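What follows is a group of structures, each given as structure tokens.
In the two complexes that follow, chain A is the common piece, with chain B as its partner first and chain C second.
Right after this comes the complex of A and B.
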């Protein structure tokens, strides 16, 4: 069992989870993930590691409430225990001095790019961070990210930023104004990663994405997480999760991620009906 | 996978068998009934639940021999002096001894005799392919056409002991103070853990999943191996003092070198089969094409058959094709039937002769209405507009010359393609060893299939103090072969630790 140290709502639908897991913390590197199961009847899901504290022995992840598992996680509080919090899994992100690296993050990916940005900054890169939020009130970890970024940009659709930008448009305008970008990293929902890759493709900027297929064991056994990259089947849990976004078969990933859409809705309704106490 | 060691019983085993054979009570038992009379007893049939009932639930198919039938079956064993069955067993169980103890009515003693060489008899009695091992060489098979039902008797003795609450924890020797790390809580790892704990070493088993058992828990279905049996075996190991650490991925949570620094002196790698193989044909990544590993893991480990009481979903099929002919394929196709498929079929590229699955599983599958389509293989899967599989194209085969496995090679018949509507496909064509340990253990010598390379006599890897066994060295094999590797390794590890 792993003990929850903190579970807080950051912004609507996004929560931070800090878990006591000294062994996982000791080994965590940017880009890796953990497999989490909220209770004995739960599903195993991957969460990207967003931060860790080796001295305290804790690991932090940020997740969005979507289905049953994440709704269950969102109801945990400090002191609760969950049966599975295993990792760190997957290959760590490549960290070198590339020159200038553009990091695009949205949703949980805002947190997921944080350790990568920090490591890239430490490796001597100029870090441009581009955060995507629907509206200003959905922005979180801004201070944390600013500290490890040379430039901090937001694409949003509300008045605070006086723009109606999306990630690809922002990337295009950045490149059009002459910014030199040697490498890009995009993490967030599938559409964000896909569209970021399409925006960097014409300029030939290598763009790494952290793929998010459905996983079951997460340790290289079941094959659920297979993705087509460069026309070859790769397993995100042991060959990834980072891949060259320009070589990913996105249509396949979109379809595979929707495999259980009906069941996910049914599961959540069932859980709400049978397990949730009625609202006071 | 690699070259297998040729089975020749070691001298000490031979001596042990001889000593048992010469016991007075054994002599008297042999004299009590002439061989001819023994040969006239028909092989006792394993009671099983009717196919039409069991094929819609997950309860165990075989019900176990009643005591009277077990006594009768035990009488069929001639207790022959050469006992070829023992050499046919990968862990060299003293088969005549335990069977004769059953004949004498000493069921608990029979179970203890089994446990001297096999720490998981209730499991092996259920899942071993006896017909190609001990029972294949049984003298009674030559004499009367049907071998002694050794597997059923093994199961009987082990079940009797457990169900009657007679399981005794053997007196353990004083602790040697040596620490052993076992990677993977599957059949190989659990066997090593049991043997070394009984030898007085302090054993920790590191398991990546949240439940111990490896393939016994995620792979083999409830209807063939009820989970409570496995739980009892794991409980027994805990009582022997074995520490089980779940949710620990060796190579990631800690490496072998980290654990060495942590004071572990000997290591056993039993991390098992890993990534499923695919055919590399179009449409394999369509929604509704599962690997057998994923399909079975969802059902067995995650209990998706009880969705939404359990959160893990799974796709259900009305028309399910399982590609492959091994035990895993049988488990998958019978699962599909139980989950409501109207049509559930095995698609196998060779003929029934070459099919590697256990005979009993094939019979059970046939009884349950599974169709077998031999000499054909899919060439592509066809999806609908949402990316879900809706059909497959197959090609018919004929048998050609024998290949390197000695089996006749399937040769495609030109122009024989046909399209079959399916809504779920399970690929069950084997798997490669788990890649993690190789990726994260510098210096560990790997074989050309991504397997850990060992000396087949000792199961030692190239790294001092590190042994390996089971599917991580073999690719995809059986529970009992994994346990055989484990016993060899455990004996070597014990010698090393006492060294």
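Right after this comes the complex of A and C.
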């Protein structure tokens, strides 16, 4: 059992989870993930590691409430214990001195790019961070990210940022203004990663994405997280999660992610009715 | 009068607003707070128009036409004004998706985010693609906002059954507040707090449940945004098909749109149409709005035919099951009976009736509800023609309405909406019953009688009216008058437990003239004094010229009544059938409806044809799975006698078949003629050929002998409390709604015993405690609900039994009233 040190709602639908897991913290590297189970009867889900504290022995992840398991997680609080918190899993992100790196993040990806930005900065890169939020009230970890970024940009559909652009428009205008970008990283929902890759493709900027297929065990056994990269089947859990976004078969990934949508909806409706309703 | 709108000339009456006239003629004016069922409110200010010769802009939703008025609905200043107004409305509503250029692609790819807990954009929202805000934004071509986005950060309210309230999406149009007060008469919610803090809420911030909400869902249906969303389908994508059906619950026969997705029901909503033939004018109740989805998909659904082999029920195919049943029934023809639920379609009942006559050699179907109020009325008639009946529209226009023996707000909530409409038009509502109920709040006179005191009160009112001298040339008047001579007005009132002056006030109100309706229902049935009550109501109707409005209880009670009228005089009723089954004189019983039949008694062959696994299946020789209302098409005859067609929404679950299909095939196997049908349409044609729906009542109008009160009320003795058995409408066929809907169980549970605070304190009973109830005929246990409206010395339990709730026989026995003792279970 792993003890929860902190579970807070950062902004609507996004929660930060800090768990006491010294062994995981000791080995965590940017780009890796953990497998989590909120209760003994629940399913296992992967969460990208957003930060760790080796001294304190804690690991932090940010997740979005987007299904039964994440809703269950969001109901836990400091002091509660979760039966499964396995990691770090997956290959760490490649960290080298590339020159200038553009990091695009949205949703839970805002937190997921943080350790990568920090490591890239430490490796001597110029870091441009591009955060996508629908509206200003959904922005979090701004200060944290500014500290590890040389430039901090926001794409939003909000008057506050005087913009109604999405990620690709920002990337295009960045490139149009002559910014030299040697490498890009995009983490967030599948659509954000796909859109970012489409925006960098014409300029031939290598763009790494952290793929998020449905995953069951996270250790290469089940094969649920298979995706096609360069025409070959790869497992996101052990061969990734980072892949070259320009080589990913996005149509397949979108389709596979919807495989159980109906069941997921029914499961969540059932859980809400039986666990959150007044009759629970 | 004539007006022009955008240069087009219209001849109008003056009863409709400029907005309504424009809409009817295809002229678009944006509007968010107006709703055709609600009085003008003019809150959103989007519907402003220019009127030539008048300064300023005018909301068209509360502007009525005047002769020669020239209206302009589209101009540059209007467009600007509306856009600015819309921007302000959206400034506190999650608006990113509304102005986002990526929206369509995003929706395709981000299907899974419909499952988030807090809505921060359209792609997350349960109302996506049916939201009125989205429509207005599209029409006004708004593509950016001059304000920073604000999320109010109000907690999403999940503490109530059936729906979730997320007031972060609310635009304060007030529709929910108004429909709750104006149409449903409940006034549970209101706009509370002021200025930027304003929000829809209840008094003292209680849960809706505690504030008296009956969860009719009217607020959910009028909400232009996703602020109110049904819990069970909140994360579902929009439906892929909608079927026009008729609600299978009460006799009103509400038209419902059943929404389906990939062949399963996701939701049911009232048909939005406000005109005939939609009897419900856009309204429904908790049963029609929130329970049908769970009912049809209940885990207790029977999916395959089963026959008993070596003492066990085993699944089999239709051919084998039908052959088995036919072989079991055929030798017992003539000593068989068929009990059917009057929640089945007219076509189902018609073929079951034919089947019972031709194959079982029985005398037609027997309704499982027992004598309905319509049967009681026929039984009282004695060859006379009943007083005229009111339609729902008549009730809405009545000047005086007397409601007796039924909490209409619960049993027939949409008929209650019509009664409230009459009250709003200045009509008087008179309520008579043994306890306070929510109806009393709207009544100009509410009389509490002692349990069973209704006939005595009606006799007293008749006497009081006779004193005023109401001569009548109708048949039987003198005999009626003489029958009341034996007891004085004072004695009648005392027997009823009502003050004489109150009785006179009631008589006075009924005598005042104008159209009047006497509304009564199943609550009066099954008691020792039922006939007395019905006879006295009959006479009262003739004395006052009021129309009768018997609330047919089940969705096809009227259809069942039409069929059962064709039975020979003295044909056995439900009680007689069950007695014969117990005594062994009946050899075979065919149950196509709920009946309290815990064991086989003397029966040799029992067939259960139902949609749900139920207690009777345990004793059955064969169990045949029947389709539900949503899986078959047919007509249901509502309480006005109107046959309404209901369409099939989904395919039957498993191998279930329509009830008529099963009976028709069985009749064929048993060699019976005239039951072969291939479709419901053909059955309806046959019904029409026979003229079944043309109700002809024989005989002339006339009075019945009045039934004055019997002796004084019985003594308390060992059993100090009177236990009322309240009719409960909360079931479909053999399924009690609380069994299948966890939310419904919170709202109403047949396992409750309602008791007043004083008696509860006397017996040391707390809310939610288990009580032991004992009468001279048996015992049972029930969960205590302390109910303010219960008078001292009276408790009430639900009569919903049907072997559904694990309730003891006592509740069924308590149909009228019984004396009981209640103690606490430790």
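Brief remarks follow.
Convention: the second predicted complex is superposed on the first by the 277 of 280 C-alpha atoms of A that agree within 3 Å, B and C clash if a C-alpha of one lies under 4 Å from a C-alpha of the other, contacts with A are read in each partner's own complex, and residues count from 1 in each chain.
We adopt the following convention: a residue touches a chain if its C-beta (ideal position, glycine included) is under 8 Å from a C-beta of that chain, and two chains touch if they have at least 3 such contacts.
These figures come from a predicted structure and were not determined experimentally.
Using the contact criterion defined above for the overlaid structures, shared-chain residue A:217 touches chain B, although it does not reach chain C. By the touch criterion defined above, A:83 reaches chain B but does not reach chain C.
Within the superposed three-chain model, A:264 lies in touch with chain B and with chain C [touch as defined at top]. Contacts of A:134 after superposition: chain C is touched, whereas chain B is not reached.
Residues 258, 264 of chain A lie at the contact with chain B in one complex and at the contact with chain C in the other.
Touching chain A in their complex are the following residues of chain B: 208-210, 218, 247-249, 252-254, 272-276, 278, 280, 284-288, 291, 293-294, 297-298, 301-303, 307-313, 315, 386-388, 434-436, 439. Within the complex, the chain A residues that touch chain C are 12-13, 64-67, 71, 74, 134-138, 156-160, 164, 166, 189-191, 194-195, 254, 257-258, 261-262, 264-265, 268-269, 272-274, 276-280. Note for the complex: chain C touches chain A at residues 94-97, 99-102, 105-106, 109-118, 120-121, 124, 143-151, 158-161, 207, 209, 231-237, 262, 742-743, 745-746. Per the touch definition, chain A reaches chain B in the complex via residues 2, 23-24, 27, 37, 41-44, 68-69, 83-89, 216-217, 219-224, 226-228, 233, 235, 238, 251-252, 255-256, 258-260, 263-264, 266-267, 270-271.
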